[in-house]
Amino acid sequence: MSSLQGYTEFKHFLISSPAEYVASVEINRPKKLNAFFEEMWIEFGKIFEKLSHDPEVRVVVLSGAGDRAFTAGLDVHAASENVVLGGGDASIDGARRATLNRRHLLEFQDCIGQVEKCEKPVICVLHGISLGLAIDISCCADIRICSKDTKLAVKEVDIGLAADIGTLSRLPKAVSSFSWVKDVCLSARGFDADEALAVGFVSQVLETKAKAIETALQLASLIASKSPVAVQGTKELLNHARDNSVADSLRYTGVWNQAMLQTNDIKAALMSGIKKTKPRFEKL
Amino acid sequence: MSSLQGYTEFKHFLISSPAEYVASVEINRPKKLNAFFEEMWIEFGKIFEKLSHDPEVRVVVLSGAGDRAFTAGLDVHAASENVVLGGGDASIDGARRATLNRRHLLEFQDCIGQVEKCEKPVICVLHGISLGLAIDISCCADIRICSKDTKLAVKEVDIGLAADIGTLSRLPKAVSSFSWVKDVCLSARGFDADEALAVGFVSQVLETKAKAIETALQLASLIASKSPVAVQGTKELLNHARDNSVADSLRYTGVWNQAMLQTNDIKAALMSGIKKTKPRFEKL
Amino acid sequence: MSSLQGYTEFKHFLISSPAEYVASVEINRPKKLNAFFEEMWIEFGKIFEKLSHDPEVRVVVLSGAGDRAFTAGLDVHAASENVVLGGGDASIDGARRATLNRRHLLEFQDCIGQVEKCEKPVICVLHGISLGLAIDISCCADIRICSKDTKLAVKEVDIGLAADIGTLSRLPKAVSSFSWVKDVCLSARGFDADEALAVGFVSQVLETKAKAIETALQLASLIASKSPVAVQGTKELLNHARDNSVADSLRYTGVWNQAMLQTNDIKAALMSGIKKTKPRFEKL
Amino acid sequence: MSSLQGYTEFKHFLISSPAEYVASVEINRPKKLNAFFEEMWIEFGKIFEKLSHDPEVRVVVLSGAGDRAFTAGLDVHAASENVVLGGGDASIDGARRATLNRRHLLEFQDCIGQVEKCEKPVICVLHGISLGLAIDISCCADIRICSKDTKLAVKEVDIGLAADIGTLSRLPKAVSSFSWVKDVCLSARGFDADEALAVGFVSQVLETKAKAIETALQLASLIASKSPVAVQGTKELLNHARDNSVADSLRYTGVWNQAMLQTNDIKAALMSGIKKTKPRFEKL
Amino acid sequence: MSSLQGYTEFKHFLISSPAEYVASVEINRPKKLNAFFEEMWIEFGKIFEKLSHDPEVRVVVLSGAGDRAFTAGLDVHAASENVVLGGGDASIDGARRATLNRRHLLEFQDCIGQVEKCEKPVICVLHGISLGLAIDISCCADIRICSKDTKLAVKEVDIGLAADIGTLSRLPKAVSSFSWVKDVCLSARGFDADEALAVGFVSQVLETKAKAIETALQLASLIASKSPVAVQGTKELLNHARDNSVADSLRYTGVWNQAMLQTNDIKAALMSGIKKTKPRFEKL
Amino acid sequence: MSSLQGYTEFKHFLISSPAEYVASVEINRPKKLNAFFEEMWIEFGKIFEKLSHDPEVRVVVLSGAGDRAFTAGLDVHAASENVVLGGGDASIDGARRATLNRRHLLEFQDCIGQVEKCEKPVICVLHGISLGLAIDISCCADIRICSKDTKLAVKEVDIGLAADIGTLSRLPKAVSSFSWVKDVCLSARGFDADEALAVGFVSQVLETKAKAIETALQLASLIASKSPVAVQGTKELLNHARDNSVADSLRYTGVWNQAMLQTNDIKAALMSGIKKTKPRFEKL
């Protein structure tokens, strides 16, 4: 697995290039079950902001280091010392505390949301313990697959709060049953890989983490072999469609593609279809 | 099953408290298959309006009395005598009749919609005959479970009208397949518990009504044991997310939780997590 | 199968009336796998515009002629000669080319979208090769069923473009898993009938094309036997619900039905329910 | 000025019928500058809810009793004793207090908003002191006129809060200059009748309160002489237009008028146009 | 005034080219005060659909022939004989009549709305009698100017209906005072040129119709001398902005201009700015 | 005028504190008429991002250094050398160029939009030459005032492009006449201070730049003397209202104020009202 240039500044994530135009990002705090603290999610946001415009990257695979966890979520110990979950400075009033909370939340949402904003597709591989923030993060990814041993939960209710980093905003639009969404979010109960597949949260379940990673890389390589103009447009238009009416989505699509049809990739793809060769596309 | 204080005025529903912080509401007109007439749905709306702010209640279980039906829907005999389905006063013109119809519909929608507006989660247990209004009502609930014998149908087309009390508005956002939604709504054909589970309309199917009620109560008790701040926020944010873009939902979430993170429940939950005790939360 | 009056002008589609109030539209270019070129989709749009107001028609069944394909999608050979995919006139600048592209796309979207705008329900029967435009078209239909041999793919990425005729706008709101939608749209990989059923893209899979057509006709006849006021209102309200918040949908429903409840069909339906006769409804 | 039947239960408002089909509602606490306390706004909401469906009423004129004030706004003395502005019970945590605040605010908004929801047009006559809640209330009215002596201010910032009963929601869509809206809302500075006219907040300024009332009654009588189907539809469609895109508004208009064109009022209006007589319209 | 090629088929409108890239469209039924009947508005829609893509046209000036009227609106005599205002076939029920009404209205809206959909800016010159449909039509135009003698009214309430061809949808977003909009729409009272200017309905008032036409042509010529890429983009983006949030508008603008910045017009404009020459732009 | 701590890193803007809690930001490139190049707008964005959370700042006054210009807009000379307006690398295709354009535009929009996102109110003082970007920037400010000598224009059409940094998105919602907006945006014609006042673009016109600055500082000091909880909430809620329906705005307001009413500022404001003292509010 070769390294990816320009990412050495990041401490809490392993970043490499396992295949041409594919980047791998691993959450790298396995001894603590890959639990997140503030410095980590700020770094996490920066990585995906950078990947978004990196012409060497066409697809990203996101996973967790170690055997035990994708991520156990928020590092509650660290969080209980910060201003928000820790209760903060007793001398300020409820409105001022609310302002600090809101600023903190919006920044946190923004960091995690970089996965969704990243122009390149992100495939998230879940395994082992995958709680709380694991759901927020993976909901931002484009494609979710997991290993059989994955233990998932929308855990926030168990620490006294409604999930606020994106799960409640994205999950209802990602899966098949609003009744199921309410069930797992209101009760914080766990669910396993098969249940995640049944409701469409993940699109594949593999035997082991290794197999899941392998499958993700194959899919990533397949997507990376396609026209990046077509692939990145598809991501953008699907995300726009989720949040808009069909009429608005069609209008936006027309405006998007009025430019994107002016790509040489179409000719390259059509020609290689005729010649049975593998097309090569310029960077993007 | 102990009674719940303050609900003795209601005639058409049995209201009790089967467990701490859990309310049970049963539609109580079993001889008529729990069919609804106007007085009933007005009462129904008032009950859920009251439960919404009742600090003794954290979760509601909604079911139908008797073995045969959750509800057979609208009492067509009664409805055919009222102004709307009965055709109304022939002396008034089409515009004035339309106004009466609209006022009637909006009031009817408003009564049934109190289930969705209720701040506390509502678990709906379907069994036996569950037609027409049964779907409107259960679509407003947060979690739907049913027994194996449930016979469901979006029946309105069979009496010459498009369902207008909420099924057509909520069902497309509750289940997995728009093709299936159109199929059952356009044809008025029946579907059973297994089909309801397969498309995600219900999240569990139990052998009998008794088992379904038992399961609902267990789930209700589980949810009732959690922080009511977290649970009620989760309901609100999920309903908001369904109807808004992800960006708007995240912004709303930030503003919601800027206040809600100022709860003692977080400390209580974190402490009892450490101490392995059961947390107690203040009323809400 | 009797003919349907008034549709003899159309060349590329077979139009007939296999049952009372049921129209059948077959894409009729089987030697070219029913691939579309511009003249065809303009005709296609006109047919559905006409069916929309034709009082002899209450349901439409849409299928592809021949054994091999519903449609292989865009006729790429023809398309590569037109202004858009062919790259166009090199003498005009990027902005002017964009304008031509956009006008072309919006017109193309508009033709295919007539299936969705058609006031009558459209049941789409997929079989054999069903690629690219096949998904755009069937996403506009109300109910999708298919035969076991159906080979589907959102194929556009393979020719260097993001699908722009409706698939990316409608598919996320039609099926159960956003992860699956991204998977098939980003990779252009094929999927079969069983996978289509599992995610809710189709609501039934039949052994053969013939069985699928037969099933579609039975369903069409069932729907055609209902009140057209109720059926057409149901289509309109479900499509409105998909694109609007529940609150807006309820308001619109109230305004829709303030008029539609003034139909004799309700009385006819209620009377025939009592008399156990088959109701007859006036044309619409 | 004759009385209007059915409104004797209301204590804080004078309700009469100064002209055929015209109702007058006067805020009646002149000694306290017509300042509002909770019981008053609950009554206020009920009055407009009742007027909305009262067939004897086609237009409402809303004004304040006495010479000094339309209303000085919230009775701060009363408010400082209630749970919200008073700070509430110190023993409950920030989240629970927030819940009480929100319930209180939404109920308050709902009462005042009945002016906007009222199906009949409401003409608001402002005079003298018109602060805080005066703006919230008058923003809900359809037409605003005032006398020369009117002293207006969006006063809430001066008591430490952002206006939350509707001013900030409705004012930006009612007047001509967002810069002006921000100016008066952020600074709480006063503005007079001429400035209100210049920015379009009021549509007329009259010399005295008496003249303003007289003008309002003439306008009310004029509107009351028109078809109530046309007038009430116009109010509904304009309010819908304010909050929706033009495309959605046109669609809603089509659905609204598909029923409303079925009125005898059109024939009556056309005939009386030809015959130069005054048309008579049925009640609504 | 030279003729404009390709518009000879149209009977009810005078179409010419008074200046380079400027088209003039005159409503041409002066003996009947330019009142509209169905055939006219269908033709009207087709004209603007054609102008939209005509590369010889960059700006359109719309006016009414004769001295007396821009248009007196709907030809009520003709309308009273058609199915909608005439009351229609008494043998069909209220729901079916509603369907006919709705189809009629949506088609009528669609014809008039072609002025707004036209990619080229439309300057509307109002003069004399300008009632009812005159407001619907001019609200679709981009810029409105008028002569001093203009007599305007939103007249529909006077014939028993709420204006449904666009006035109620567009007027609230076009002028400065919602109170004024409600005033003129609810009362159907007339207003003159000065009032129209004061509320921003027109942006200029000229002494006579001739002067107004002259001013419109000068403005049209000025706009026609600019880059059509820039001008048509500006129209599209302003109309999009009116109907969307600022965030959505900015996103759409970015996608629009990602293509449109690839025009040679920018270089041409910058060069001629330096060289003090008049730039020439390619057709669009 | 004292300095404001922490802003010494910024090169192109003068930042000071002319009064308690008031920050002044001056565009400081007077020799070049304060024209912007890329480095400047990135710095501009950072300054407002910092001011947003700076507890020493409650209001910002934004102006241009020198006598001649607020800003002449984009430095076209610099822009013509960058990738976007300069036409870019001829070797890349239209789609890839579009992507570079879009990234550039969204970043540019984001920098300028920090004025709107800034939690503190921003008062913009326009004077002299105020073209192009001057409108984009001032549209983001909360309150606009100007001196008599101000020369304004939405100038972009004159360099061959539709304005894309915010003017077209925000201006239609800031002023009184959509006809006027289209007029100035389509023609790029200039308009002066009086016209800006008449349409509500500015809320005051002062004799000279010095007077305008003085007036802005007085207004800033007035606002800075109020509760920052109330002021910042008012800005947030007004901006939210502009972009949302009244119903959504009211709901958001309720959730916002459920926290913000828990401020000591209310008590402080009420007490100082009684005691006739000047209240002091904690920082925010």
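By written order: A, B, C, D, E and F. Residues from 1 in each chain.
Convention: a contact is a pair of C-beta atoms (placed from the backbone, for glycine too) under 8 Å apart; a residue touches a chain by one contact, two chains touch by 3 or more.
From a predicted model like this one, the values you see are computed outputs, not experimental measurements.
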| item | value |
| --- | --- |
| Any chain in contact with chain A as well as chain E | B, C, D, F |
| Shared chain contacts [chain C and chain F, defined touch] | A, B, D, E |
| Proportion of interface numbers common to chain A and chain C (over half same, under half different) | different |
| More contacts between chains, B-C or A-D | B-C |
| Gap in Å, rounded to a whole number, between the CA centres of chain D and chain C | 47 |
| Inter-centroid spacing, chain F versus chain E (mean Cα positions, whole Å) | 33 |
| Cα-centroid distance, chain A relative to chain F, in whole angstrom | 34 |
| Numbers and ranges of chain C residues touching at least 2 other chains | 94, 97-99, 173, 175-177, 199-200, 229, 242, 247, 255-256, 258-263, 265 |
| Chain contact graph, described as a line, ring, star, complete graph or other shape | complete |
| Contact set on chain E toward chain D in their complex | 76, 80, 84-85, 87, 94, 97-99, 101-102, 105-106, 109, 113, 116, 156-164, 166, 168-173, 175-183, 185-189, 199-200, 242-244 |
| Chain E partner contacts - residues on chain B that touch it in the complex | 94, 97-98, 247 |
| Of chain B, residues touching chain F in the complex | 252, 255-256, 258-259, 262 |
| Chain B partner contacts - residues on chain D that touch it in the complex | 53, 92-96, 98-99, 103, 229, 232, 259-265, 282, 284 |
| Chain E contact footprint on chain D (complex, rising order) | 121, 142-144, 173-177, 199-203, 219, 222-223, 226-227, 229-231, 233-238, 241-242, 245-247, 249-251, 253-263, 265-270, 273, 281 |
